[in-house]
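Next come two complexes built around chain A: one with chain B, the other with chain C.
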Partner chain A sequence: MDQVIIRKEKAEDVESNAKVSKWKINIKKRKLLVYTLIYAFLGLLLLLSVIPFWIVLINSTRDGFAISTQGLTIRPGRSLAENYRILTTNANIIPAFFNSLKISTLVTILSGYFSALTAYGFHVYKFKGKNFLFGVILLFMMVPSQMAFLGYVQWMTRLGLMDTHTALIIPSVAAIGTVFFLRAYISSSLSRDLIESARIDGAGELHIFHRIALPLMGPGVATMSIFAFIGSWNNYLSARIILSSKSQETLPMVIASLRAMRIWHQNQGAIYLGFAISIVPIVVVFIFASKYLIENISAGAIKG
Partner chain B sequence: MKNINDKAGYFFITPFFLVFLLFNLYPILFTIYLSMTRYRGFGNMVFIGADNFKLIFRDPNVVNAFMNTIRIWGVNIFFQIFLALLLVMVFSDLEYKIKGLKFFRVIFYLPNLIAAATIALIFAKLLDRDYGVVNQLLFSVGWIDRSIGWLTRPLLAQMSVSGIQTWMWFGNSFILFMASVQAVNKEIFEAARIDGAGRLQILRHITLPSIKPILMYVIITGLIGGLQLFDIPFLITDGRGFPAGSLNTMIVYIYNMAFTYNNYGYASALSFALFLLIFMFTIIFALVTNRVEIKEYFRDRNERKAMNKTMNKAMEKAMPGGAPGMKGSEK
Partner chain C sequence: MAKVTLKNIAKIYDNGFQAVKNINLEILDKEFMVLVGPSGCGKTTTLRMIAGLEKITLGESYIGETLVNDVEPKNRNIAMVFQNYALYPHMTVYDNLAFGLKIKKTPKDEIKERIERTAKILGIEPLLKNRPKQLSGGQRQRVALGRAIVRKPGVFLMDEPLSNLDAKLRVQMRAELIKLHNELQTTFIYVTHDQTEAMTMGSRICVMHDGVIQQVAEPKTIYNHPANIFVASFIGSPQMNFLQGRLSEKQGKIFATIEGLELELNEEASGKVKEKNYAGKEVMVGIRPEDVYLVNDNEGIQSKAEVSELLGCNLHIYFKINEKQYTLSTSPKVEVGFNERIFVSFDRDKLHLFDKETEETIL
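And then the complex of A and B:
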């Protein structure tokens, strides 16, 4: 009798094992399906994110005729040099590239240096009116001051700074958001004791800032500087309003002017090359700094 | 402790405030002054008081521009948040471990880097009715048999701009949302799952509450950015808000009012009104997201005041005549 029962149990065991394994296979199948769907979705978004870049890069090497008759391809063409010749004879793109580079570099350096200087001043010293002045910074961080561009234009006209790069560069000395960010950054990266001991060693105040504080604030300054560079490189509205002569034009202005040119329809390859010239430097900067930047965007999300 | 070097603080902050006053504050005040004048951008300036502001309320273009902005923003923000949330759900799932978060973050952020001016022209090419790649593709797949005027039909043009904005910003929102979800202790998710919570329950009770502040941030900054939208609607068509004024956003209108129609005073009044509107949204946002901190601040301040009072009293008792330099709220 006992044996029968045991046998029966064994049989049931085998049966349920089979069930379980069948069930497991089903789960596996389902998992595989879900994984496929998820990665397909991610792949689609990835394609949508990069395909305009891809089209720009490929088409900048193809001639206009091929682009309008053959549509999209994944193979680059051979007309890069020809496109470059057409583009540069029609548009002022190379001088504009260097104008943009000059403005963006100076904006980056000025906003980085003076924001660090201001944040340091607020963090280290206790002076009269300090809280009030920092309150002003906080308030104006919320004020959309670019809304005042009409007053800015009139004011620059009176100062004789219209059509100069100076009018686009100088405001970066007062980069409100950067000062705010760096002041939070410095309070976690710089100890007062360090400054105190440097003072005892007889170092001057500015010397302490340059030799001790600035290097310690380096990563924070670098992050904000990269954003400043991208913002300045991409800036269109204020450049368009301030600058008027051909020799002063920045890259986004020249890109925008392509729309009204005859080559817009006739030599699309040259147009796409223009887009590529505006995109590539930023993407290169980003690829090198991406880890850094995204960590900082993320950190901002957690604090905010 | 007073430090003899503390005066140097002024030296450090002077360049900032000099430029701030001259290039930031003064233009704002100047714009406010201009908004009360009749002025063509050159020649005589005639002070006319609040007339320009009265005109704003009778100008149908203002309502039109505002509604355009709301429509473009509304569609954009819906899809932007939907996509970002979907991605957060995918990458924070406990059962399905999806790899490559760091890689995808970089890729999805790429569209945010490009100059809006360049993006406008790229999409003007891609969405062109007769030569555009998008129509060519749809033709070859056989989904359409007639060209679609993505940028020539009013509503479609608005939706195209919404789509471009979504394309530019969903990666940014995703990074922000993901960071706030990752800041939540993983054990909470695990515990919820062990208790038998489904995906939607986890989304509603853990994920969404953890990203609520940043969600507000994305919605409000999206609205503020939307109100300041210029490059794309200006460059993707003819610069006048074509077709049929559907891409006439506030800044495009202000720009044309000042530089095409030379009505500088009215344009200044419009930009000051927009300025106030954006400022209002920002203040509301700041109050809503920081209400806990604000409460804490006032509670702390009252406590500190009470502390100082008792301290000062004790001081006065100990040293009649008071101790100079010990007042105030130094830490």
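And then the complex of A and C:
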């Protein structure tokens, strides 16, 4: 009798096992389908974002004739050296590259540091008019910077800073958007107890900022630095307005002037090379900072 | 010397809220003082004022003989342990401990030596190279303590340091903190809302409510002679029972009548009642659950048992008299069924009598 029951139970077990494995297979099938679709979509996006870069890179190795007659190709040409020669003899591209690099690096470092300092001040200290001041910051954020160009130029002329890189660097230090972002970031990444603990440990206010707050704000600052760098690297308008002498020119100015040159039609390859050169630092910055960028996007997902 | 003295301290916030009202408290050197009270009673604010993290609105605060109202926290010779540990997450345990010492420009060898000694006391030697993220709650707590110890402060301030730990670990750390206090021979000021922590750890307890000190005394005194109804109800678990009672004098003896049960007060209590002229008056009678007895039928107040909780070492019975619920604590051998009729009586030597108006103790 007992054995019969056991056998019956076993039979039921087998049946339910079969159900479970069928169900598992179904789940697997569904997963496969979903993932295939997701990867197909991501692949498409990847293609869309890579193709323009590819065109620029390939075309910078081909001569103008090939580009205008043969259209798009995936094979690199052999005219890289020739293109480089044409580019450097006709345009000031290398000095402009270093001008841009200098300005962008300084803007990134200074705006990152001072924005963090400002955001920290807003977060940690209580002072009269704090909310009003932050309101003003928000207000300025909504006004396009181009609106202030007239005053900007006038002021820079008075200070005698026209046609200098300083005139491009100093105003960029006050990065309103960065302050706004970092203030939100700091409130989630830095607890007040930590600051108070450091105070009791005997640390001065600047010491606390440098040793405790700044490292903890690191990912946020890095994220904003990417944007600051790209923004400054691509900054054409204010550079065009402030700078006038050839030796001071930045990369976007030179790239823009390439189009006006007579070499344009015969030597498209050289122009593509110019574009390629202008992309390099951004790619480098992205490679180094993308870790922080991803960390930052996923920050807050898991409470530490 | 690390005596802490608070004279007429008050804290009023910008929005007019008065968190602490006129506090006078003297914390002796090497004492373990526990500030206890429900949330919002001003205990943390008081601690933060001692630390210098909160400005004192009125009054004077002394550490040792120095007036510290306007002294920066770093110059007060104090260390503080926070509820959420407040470890620097980007530094290793070693660097966390060394942070304060480095600022003071302590020589490197001494830093190393002090950290090693502290780590040994707390049993965190293997963790020195880890980051706070890699530690468990209990380990983080030890590191937070270590950061305080390593600086050799005159006063330790602790703001609910155990409340983030699980129950078992909390009991363990409680014992370790007592041991630590004995070893370090330093003043501890400890804030908690947990009356068990207060009772077990404090050499003295300061019970606070609504920004006012209710009673400052040794744990035993607080438990056996609570100054008012608030202290009586806050300290002790399960809570003290409160019943309406009437005092009367018969042939020179004082009797308390509670729900029809007449109990003769002992001599000491009778003397106090006579002295303060409470005979013939309505009072509030407090009785702790362990001083309530089950008695034979018709020898006490009749009641109905509602719920019984077996805690292992004792049994709590919740019962009702006139629709009000009370608790008694008895031996687990007693068996009482649901809704069973029971008779209860009280230990006449353990009655607490309170004025109904002022809620202050009469005894």
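In this section, the second predicted complex is superposed on the first by the 230 of 304 C-alpha atoms of A that agree within 3 Å, B and C clash if a C-alpha of one lies under 4 Å from a C-alpha of the other, contacts with A are read in each partner's own complex, and residues count from 1 in each chain.
Basically, a contact is a pair of C-beta atoms (placed from the backbone, for glycine too) under 8 Å apart; a residue touches a chain by one contact, two chains touch by 3 or more.
Worth saying up front: this structure is predicted, and the values here are computed from it rather than measured.
After overlaying the two complexes on the shared chain, residue contacts for A:Tyr120 are found with chain B alone; chain C is out of touch. Touched residues of chain A were counted for both chain B and chain C, and B has more of them. In the superposition on chain A, contact is made by A:Ser68 with chain B only, not with chain C. Legend: residue contacts after superposition of the two complexes on their common chain; A:Leu258 is shown touching chain B, with no touch to chain C. When the two complexes are overlaid on their common chain A, residue A:Asn83 makes contact with neither chain B nor chain C. Look at A:Ile212: by the touch rule set out above, it reaches chain C but stays clear of chain B.
When the two complexes are overlaid on their common chain A, residue A:Thr108 makes contact with neither chain B nor chain C.
Shared-chain residue A:Ala198: touches chain C; no touch with chain B.
On chain A, the surface patch touched by chain B in one complex and by chain C in the other comprises residues 199, 304.
Taken together, the chain B residues at the contact with chain A in this complex read 2-3, 5-13, 15-20, 23-34, 41, 83, 86-87, 90, 96, 98, 100, 102, 104-111, 113-118, 120-126, 131, 133, 136-137, 140, 167, 171-172, 175-180, 182-183, 213-214, 217, 224, 228, 230-231, 235, 251, 254-255, 258-259, 264, 267-268, 271-272, 274-275, 278-279, 282-283, 286, 289, 330.
Those residues of chain A that touch chain B in the shared complex are 31, 34-35, 38-39, 41-42, 45-46, 48-50, 52-53, 55-56, 68, 71-72, 114-115, 117-118, 120-122, 124-127, 130, 133, 140, 142-152, 154-155, 170-171, 173-174, 176, 179, 199, 205, 209, 230, 233-237, 241, 251-253, 255-256, 258-259, 265, 268, 271-272, 275, 278-279, 282-283, 286-287, 290-291, 294, 297-302, 304.
Chain contact summary for the complex, chain C toward chain A: residues 51, 53, 72-74, 78-80, 82-84, 86, 88-90, 99-100, 103-104, 133, 147, 151. Put simply, chain A touches chain C in their complex at residues 191, 193-194, 196-203, 207, 211-212, 215-216, 304.
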